[in-house]
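In this document, chain identifiers A, B and C correspond to the written order of the chains, with residue numbering beginning at 1 in each.
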Amino acid sequence: MSSKKALAKRNGNGGHAPIQKKSASESHALDFGKAWDYAPAPESPDHVKLKSRYELFIGGKWVKPQSKKYFETISPSTEQKIADIAEADAADVDAAVVAARKAHDKYWAKMPGAERAKYIFRIARALQEKARELAIVESMDGGKPIKESRDVDVPLAAAHFFYHAGWADKLDYAFHGRRARPLGVAGQIIPWNFPLLMAAWKLAPALACGNTVVLKPAETTPLTALLLGQIIEEAELPPGVVNIITGAGATGAALVAHPDVNKIAFTGSTEIGKRIQRSLAGSNKKLTLELGGKAANIIFADAPIDQAVEGIIKGIYFNQGHVCCAGSRLLVEESVHDIVVRKLRDRMATLRLGDPLDKNTDVGAINSKMQLQKIKELVKIGEDEGGDRFSAPCPIPQKGYWFAPTFFTGVAQSSRIAREEIFGPVLSILTFRTPDEAVEKANNTMYGLSAGIWTDKGAKIFWLAQKLKAGVIWGNTYNKFDPSSPFGGYKESGFGREGGRQGLSAYVELE
Amino acid sequence: MTLQVQVQSKKQFGAPAYFNPASPPVDQVAIEERVAALAKRSIKKASKVAGLRLSVAMMDLTTLEGKDTAGKVRQMCQKALLPLDSDPSIGPVAAVCVYPNLVTVAKKALKGSTVKVASVATAFPSGQSPLPIKLDDVRRAVEFGADEIDMVIDRGAMLAGDYRKVFDEIAATKEACGAAHLKVILETGELGSLDTVRKASEIGIAAGGDFIKTSTGKIVPAATPQVTLVMLEAIRDHFYATGNKIGMKPAGGIRTAKQALHYLVIVKETLGDAWLTPDLFRFGASTLLNDVLMQLEKERTGFYQANEDFSKD
Amino acid sequence: MKTKTKKHTNGSAVTAAAPLAKIVSKSTTRNRLTVNRAYKMYVGGAFIRSESGRYFQVKTSAIVKGADPDVLNMPRGSRKDVRDAVLAAKNAEHGWASRTAFNRGQILYRLAEMMESRRDELAVSLERGGLTKEEAAAEVDASIDRCVYYAGFADKFHALVASSNPVAGPHFGFSVPEPMGVVGVIAPSRPSLLGLVSTVLPVICGGNTCVALASEADPRTALVWTECVATSDMPGGVINILTGHPKEIAPNLAKHREVIAIDAWLADQKLRVSLETDGADNVKRVKTHDEAQARWSGRSGEGVSYIERFLETKTVWHPVGI
């Protein structure tokens, strides 16, 4: 056979090696099987010392709850109990607010910013020193892979404290010549998806601006906040500057309702956010909300496709999809739909689901039985609506709460799974034809937290960034966070920003 | 000028062999992130031993120096056949890689074994000679008995945008190889960007290469996980489109077992099981072998090894 | 002097070294000769003497005893030392500027940690240089806090000096700060530590590298401070400290075309003018100050303006369209 003919045979039609075909043949299938399977690589939790019972951290002391009640925190990957956690009732919340007020008036508000800064630097340093322990506890308590808690959650949390420490004595620069004063006592309610990181996002700016804090961690993930309480104690912060009251919805409601709290910061579901906003009507309390999302991750035909597929994975399967800014809607330009879906399917075949403490795990446990139930319900709705479902073929462990990474194709904006936040590893895939159509569909939601744009064309990124109604826009990347970068939503994804100079506004009163 | 070039090509090959230089864009930052994520895979115990053994089986033990002699090559071939005298189950390697003048010596030393003889050719490493000389270089190496030919592409033409020339030279080299299998060295360290690495990969595949290879090993940077990932993606897209499996070889700068395992992870998680074989993946290396042997011994005995315990051939 | 009679382990008596006590200098404590420190300059991460071999002498205040003799020999920096230091700073330029701002802040914070752990030594050095105990303690406190201040600014000043420019057209316009390169600093002669820290740190906080001449009156404390720098993870070449005479060092910085900017705190007006004149050769950004006018304590001694003075502004345009 002549070399030309051999070439033609080799390269399919006429020597052409096309890169993206509309309908790629499924007979050319890659096999991501068991050849050279990775052995278990568990991160040892032996050096981690946890108590069997945790009290409330109020006024610099660990105090028993006046409610006399405790609840369990379990590991969602094994369903085993880890510890008993104090449940704060209204009286406990009151004690915490009183302690915070005292600390504010007596120590914290008067303290020069440069001194406050040094306290916050101490917290940051301790987070670095105890990083491994915090990462392990985070994975045990919440279900996320150790790879993520070790490489993302804990370092970012430390970075937030480092960053905000530096603002404490520079507030005179942050507000265009107007003098800033702390608001007073801040009540902060944080979610279960990034427990330690959310605590850092809330505490660091509040403390830097001279406020004292009452923090209510989520009931399924209280442990790292409590370890942070120990760190704060070891850093010798004046008693009452930070108070940690564990509990569930009732504890949070009591904090929101307390008359001596000057500001409420809430990260969680849009539904609860609205409830809080309603309850604060007519009060003088300041409010910031960081709520849900249904972000569009938009892939154009001229995108670096393999890297865009990686961006899809990062966007929706990172942290099991328990991310408010998750790219839960894939809007893909119709001309590359098939190849993107094919590559996505192949890429999902290498996702490893399992023990959060295994260093090779990519997808951890769903945070709670309740959340797993919600995900299953919405996925059933997706199937009933006629969407084509694909779930990665991962073996699912016997015990624990798990959901395999899943996507639906053939979704439309009218589908419920395109409109409702699932908060799990479930992606809805829609197509578009033109940039205008992409924008229209992307904005067609009551949410507005984030969006992703994948294209090789710079001008197009800026054009879309201008038109998308979202507070955070990622161009050729996804789920990137930095303490210097303001984060927050448009519309029903909430208001207010966290991070950057802009994030400080939430915690000061300007004279 | 363009018209002239087109006419010339038409004369050489009749109907022009068509290839599409419009390769997809590659995002460098995302490639770096993916490579770093794959480096986090923790390869322990049985999978570590299996990976290390596979690395040995995939090795092209290489010597490409002006001062190479028959004695040097014979000793390297001995190492290729039996890397660790205390454990004959390890090895042999996939191939040895030498200059054309040493092919006969290597062939004789490896007679009766499964170890292939690969020869560099086409005015290696620069490729800056007229095509007839480069093709003659290939034919002679094949006559000497080379089973595999590692050619270099014309990087000057690549960077000047003369993709047709790059393509034609590879196609002509493939023809000159006859039955010998062809590896196309892109010299990624000179190409300047991952976009160009992608484009060169596609040209190498389309023009008939059986393998695409990163580097000559004569400049820095040589092989990197980043260019390797880009090249594997080009191989993947070609497979999707045609069902043909092209091989890949990173060469140069791979010195430690840890690096080798990282490369295997990249292959496994990009192309899957079918590529985890010496038929489709090779390491071009020399010092790597001893580090792999040291790691295998450490796994076997539990003791960290000393350098001097391993033969230096 | 009374001598105690001790016993050897074998029971025989040991007499204390009374004759030795007579012949050693007053810097001996507990009948043991002290090991005097040789003070060296700090260039490219290494401690060096002047290539010229020259020295000048500095007196130790009589009030403070300890391991410093009455008179110290200090390296007297030369033109070639300036040349070598600028080369070191130039080589460190790319690495320092391409680190993340967060990383630079972390290194500056580590420097503050090192200074805090050496606070007694720094204070004693200032006292040996003539300050009272109270003055020295206050200056060290202020210097450490100033270091923390700039550590905290490294990843923030961008928010204050960068801009998005609302240009009249379909373009996205933005302006970002960038470091200038190698900056030469002539530090104030007093306060010798706070003045050095207050002029050098904002320069490197902004991503520049620095060649600084320490105080001529008290070079000692500057060189103790360089030991903090050396143990702080600061890459070699980012901060280079020379000792010597301003009249010899400053003009060589001004005449070096690899130096892009100068910050000179000098009482000598003629010298200031000559720096401005010579700096014009490569359009240096020269800022000279009469150091008598400076106030280093409190808010007047620190701020974003100290950083901004040694930043370039880069403005970028990009179309917005499909």
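The working rule: contacts are C-beta pairs under 8 Å (C-beta built on N, C-alpha and C of every residue); 3 or more make two chains touch, one makes a residue touch a chain.
Everything numeric in this text was worked out from a predicted model, so none of it was measured.
Should one ask which of A-B and A-C has more C-beta pairs in contact, the pair is A-B. Averaging Cα coordinates per chain and for the whole protein, the chain whose average falls nearest the overall one is A. The chain with its CA mean position farthest from that of subunit B is C. Each chain gets one centre point, the mean of its Cα atoms, and the points for subunit B and subunit C are 51 Å apart.
With centres defined as mean CA coordinates, subunit C is found 43 Å away from subunit A. Of all residues in subunit C, none touches 2 or more other chains.
Looking at subunit A, one finds that none of its residues touch two or more other chains.
Note for the complex: subunit A touches subunit C at residues 114, 117-118, 121, 159, 162-163, 165-170, 173, 435, 457-460, 462-463, 466, 483-484, 500-501. Here subunit B touches subunit A in the complex through residues 13-15, 17-20, 23-27, 29-31, 33-34, 40-48, 50-51, 54, 171, 174-175, 202, 205-208, 233, 236-244, 264, 268-269, 271-274, 276, going by the rule given at the top. On subunit A, the positions that touch subunit B within their shared complex are 3-4, 6-8, 10-12, 14-21, 24-25, 27-28, 30-41, 147, 151, 302-307, 310-311, 339, 342, 346, 349-350, 359-360, 456, 476-477. Contact residues on subunit C toward subunit A in their complex (touch as defined above): 101-102, 105-106, 109, 145, 148-149, 151-156, 158-160, 172, 303-304, 318-322.
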